[in-house]
Amino acid sequence: MDEDALARLYKDFDAEHMIPLWTQTGELMPLSPTSRALPHVWKWDTLLPLAERAGELVPVGRGGERRAIALANPGLDGRPYTTPTLWSAIQYLGPREVAPEHRHSQNAFRFVVEGEGVWTVVDGDPVAMRRGDFLLTPGWHFHGHHNETDQPMAWLDGLDIPLAHYTGTGFFEFGPDQVTDSTTPDVSRSERLWAYPGLRPLSGLDDRPSSPIAAYRWEHTDRALTEQLALEDEGHPGVTGPGHAAVRFTNPTTGGDVMPTIRAEFHRLRAGASTAAKREVGSAVWQVFDGDGEVTLGDKEISVGRGDLFVVPSWVPVTVRAGTALDLFRFADTPIFERLHSYREETAR
Amino acid sequence: MDEDALARLYKDFDAEHMIPLWTQTGELMPLSPTSRALPHVWKWDTLLPLAERAGELVPVGRGGERRAIALANPGLDGRPYTTPTLWSAIQYLGPREVAPEHRHSQNAFRFVVEGEGVWTVVDGDPVAMRRGDFLLTPGWHFHGHHNETDQPMAWLDGLDIPLAHYTGTGFFEFGPDQVTDSTTPDVSRSERLWAYPGLRPLSGLDDRPSSPIAAYRWEHTDRALTEQLALEDEGHPGVTGPGHAAVRFTNPTTGGDVMPTIRAEFHRLRAGASTAAKREVGSAVWQVFDGDGEVTLGDKEISVGRGDLFVVPSWVPVTVRAGTALDLFRFADTPIFERLHSYREETAR
Amino acid sequence: MDEDALARLYKDFDAEHMIPLWTQTGELMPLSPTSRALPHVWKWDTLLPLAERAGELVPVGRGGERRAIALANPGLDGRPYTTPTLWSAIQYLGPREVAPEHRHSQNAFRFVVEGEGVWTVVDGDPVAMRRGDFLLTPGWHFHGHHNETDQPMAWLDGLDIPLAHYTGTGFFEFGPDQVTDSTTPDVSRSERLWAYPGLRPLSGLDDRPSSPIAAYRWEHTDRALTEQLALEDEGHPGVTGPGHAAVRFTNPTTGGDVMPTIRAEFHRLRAGASTAAKREVGSAVWQVFDGDGEVTLGDKEISVGRGDLFVVPSWVPVTVRAGTALDLFRFADTPIFERLHSYREETAR
Amino acid sequence: MDEDALARLYKDFDAEHMIPLWTQTGELMPLSPTSRALPHVWKWDTLLPLAERAGELVPVGRGGERRAIALANPGLDGRPYTTPTLWSAIQYLGPREVAPEHRHSQNAFRFVVEGEGVWTVVDGDPVAMRRGDFLLTPGWHFHGHHNETDQPMAWLDGLDIPLAHYTGTGFFEFGPDQVTDSTTPDVSRSERLWAYPGLRPLSGLDDRPSSPIAAYRWEHTDRALTEQLALEDEGHPGVTGPGHAAVRFTNPTTGGDVMPTIRAEFHRLRAGASTAAKREVGSAVWQVFDGDGEVTLGDKEISVGRGDLFVVPSWVPVTVRAGTALDLFRFADTPIFERLHSYREETAR
């Protein structure tokens, strides 16, 4: 081959914004998914003190908008992305602080691993945040937060920011600096209308892309998991695997995922039990809600305890083994790949 | 025209199983729906004593299968049909009696206007029946009933028997003479798995044509309606109309109707309030759960009280006005016509 | 048992419009579907001369609307129904005659077994009718017909009139006495917009309950069937069974059936081939388009030839065997039962 | 504020793989989409000679797999991506050359702007490629190409490689070095089964995520566009805008887009006509098939002629104005954002 001619050709390609496939097939189209994201664990004991320090040094307010600190995957070049599609952050609100209202097309949720006393106001509806609650702010809903106590509060935020950023498809709009309704009811109006088993208000018959339930309360999640394990004890079906109870949070208008891009679940393992080893297309983030255990991520083995977060990149096999009884919150981008018909999974026998 | 030739032609048509359209267009294809079913009311005070007499005279058991007495629409030629598509009946089970197990492709529900103490066993899952509960037996689920008390119990059965009978599409299978599980838990296993707001067990991710929730409990229905009216008092959206709260019972795997052919709802009117005058394609049956009121069915005005049932044929305008506060259960065949794209409705301004 | 008391009870039931279930379970809910409709054949050689006599004696026009003569199933009590859901009729239009415009919520199609020269005008779009064409008039589209030749023309009409009549759900509206566009193009505007393989006009992106294609032309149907048999000869998949080619007419906006209540198909059998013996929930009507053969309907065996029509009631097993090469048009109410999740089928091995 | 403390905090964040939101809100979540991709045009007169030089210097075969040269968006950091989700490339196959078989989960199509003589073999089905044809290779179908002539041939490839690569979700598998069927039929078996207006083989009733039609032929596309403009001349609806005919290539089993991630359309403008100015979420690539015109991309105005390609990044307004009559092929990632409910569009009045 004429190496000079080839070099000239490549240079001319470059000048014309052309890139040959044959020099990069392997990297571009590997035999199976090779995410640049890496398996990683963030310890709650590390995250929380750093958030507290931010609470002392950095004000919350218009412009910065939120005192949220993203979990940045070590494989993703210093971008504030936990995975190529998912953002997760610890958000911290000091005593009596207010995070101003805004809205964005990106879908968001909050999960509360500890504390209470903050209300998130979603399109004017104040929603109390308490340990174990899973709260939604679907795309293009105005929202702000205010802490009504003398204690700070920290929680987990999850969004599809990286996907929107990468594809260049996000919209954002500022709202009022103060929340639009500063009352502090125990139960949101959205729950009063929607949070019943199998009941739908006649005033809400149009299907929605995201769930109209603003808060999935711990009391229901806990009861559902408790009953699954009780049914297992009684010899009836219901659990996901031996000693493994699990629920998915769903949109009651469709039965599908809570938001178009994000799946959310809660898992409970009996002491000593473990999940089936599984790998799947797309990425997930887990947070330990209670208890201690071991996680295998590919060939990496890690111990986790209350509040710890770990990320499972695409196609990396994951197993969770409970030391003590173990409760875990999990969210994932699976709905994206299911909707695009590119989802695959493999469960080890 | 040659009348003799025409008469001969019609006779020849008849011999060859042919019928001309032109002699019947008007009856076959009226300008707007003219159901042969008639508006009608059955009074609970009449129904219940007759059911009690049946309880004394007619055993329940294999062959007859159920001590159910159908509400036969006066317009439907002595067929046991409340409407062309819907069967409704009062079912009566004496103290300690057992109705044997069977299954059929027809979809069934029960609604309890008073009493308790009977368990319906659906595919082996015992489901307690209590006042205000709405209970499902979707097509092809085995079911039997047993009364664990020394009191009789009566309730409303609703099925799509007439549609299946008319179209010739029903299947039936006998099960055991006794119920397969005679335990008497407060809560069914189906509820323990499924009856949570927005939560779905990971072991139940396949969508189902009918709801997996065997019982929709009065406590939730009542609370949902109470909250809608409270939201109205507070100036927030939620009610169906002024003073009119309403919920639809839905399938949590799809957000749609509980069964493919039957819609079920619960309506609550404040004293003095009324529903919007409305007519729609398809038929409905209402039962007063509590309170007194007036119903206008076309040009017919009737007073109704606790337990009374009335039928609304296709395209007959209906308005319900509450005297006292009024609670009503309603079921209808609307899903059939929505699925076949032939549904229409008209609400008077 | 006290027979007198029972007789009194039954009399009181009757007075109150109540009917006990236990006296009729077997008839109402048989073990498997038992349609009152009967298998039956109508011979084209009988139908056509009767239609011609009607052409001489009965004018077509406003009021009678159409010179259509229904095939009345011998089991259905003298109603003009071919099955409980389906109407089929031979329609006859004399030279230069016009059938006035009207519309109805009932869904309609025409299939042309012989002749040409009539245009059906559907919402102002003139659609030529020719041998082998399958033409749609979905619910609530205005339509009229006019014969532009000096020859009469007869064709098959299929509608869901019986379902709408039984359920009391049909609407009807008169249109102009003359067709709104009396031009006679070879190809309708609907075809010019829609009748391409896999192409959809950008001006027609909203899905529709019924197909926007007004005419499915014989040339395409014939080619599709010819290719399936050619692929079979070449050893490739494509046929429905050995020597049995078949296509379904579909709605290009959804890929589903042409209309919400009616399925339509075309079948071709090589000489000597036969369809698999099959029974299914719901009813069907077949018309022989070309060739001769034998049909087994339950335990009834009949010979059929060009133009002959036979009806297959619900759950009656049917097999078609070709004597010569055999072409058949078929329509059925299957979409109703698929949409209501009550469809079942059984194919003999 | 204590700048030192803040610096220490940021350093500690960094060490723990944490990144604050407040320093990057504006870039991460802009008010409206700001794609890093730039509007750009590649001229066919430049592309083709470079592809020819590659044809002389670079063999096609196992390993490199394809002689395809990607259009690399100048804004995307030297990645071979035309947009963040879409790959487009000119592929070049010399006389008698064979590109070996492989399959990948990424969805692919080819569009032929000139030439013929190559067959692409998709899961064993040989598909002829000719000017104007649009050809599919949906995810996980084996495919290879072979040139049966003494002339080279070049065409446009489009895939969703960047999305799969970014999200880490792609699978790849090598097939035989030679194509599995080297016959050269005019029409593929897939077309013989599927390429009819509104007809579906009974052997193909299961819906598919991607279209089963392997080739959408120019003759149909051309006729559909010609008819739209003729209907406009006759005063009937059908065109997308004045002087603007357009069709979308669809999946006949669903009526939706040909593949889950890629929309494909063909547009025709009369001389002097133009498309409505429009911007939308997601990105698109256009190729001029015939004629000359002007394109406005944001504030950039460019002249385009036969074979030229231009890319429209997310939310960049685009207008195409025909000089001569102008035919254009267009593909876009819109199905992704429609399925994820994040699609928006704005058309200038």
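Per-chain numbering from 1; labels A, B, C and D assigned in written order.
By our rule, a residue touches a chain if its C-beta (ideal position, glycine included) is under 8 Å from a C-beta of that chain, and two chains touch if they have at least 3 such contacts.
None of the values given here were measured: they were computed from a predicted structure.
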item	value
Listed pair (B-C, A-B or A-D) duplicating the C-D contact set, over half by residue number	A-B
Chain at maximum distance from subunit B, centres defined as averaged CA atoms	D
Cα-centroid distance, subunit A relative to subunit C, in whole angstrom	52
Distance between chain centroids, defined by C-alpha means - subunit B, subunit C (Å)	32
Rounded Å distance between subunit A and subunit B, as computed from the means of their C-alpha atoms	42
Residues within subunit B bordering two or more other chains	none
Pairwise chain contacts, counting only pairs that touch as defined	A-B, A-D, B-C, C-D
In the complex with subunit C, residue positions of subunit B that touch it	1-2, 5-6, 9, 12-13, 16-25, 28-37, 40, 42, 46-47, 50, 53-54, 56-58, 63-74, 78-80, 84-85, 89-90, 104-106, 139, 161, 164-173, 209-210, 260-261, 281-283, 313-315, 333, 335-337, 339-342, 344
Residues of subunit C touching subunit D in the complex	189, 191-203, 205, 207, 211, 213, 216, 220-221, 223-224, 227-228, 230-231, 236-240, 246-255, 258, 265
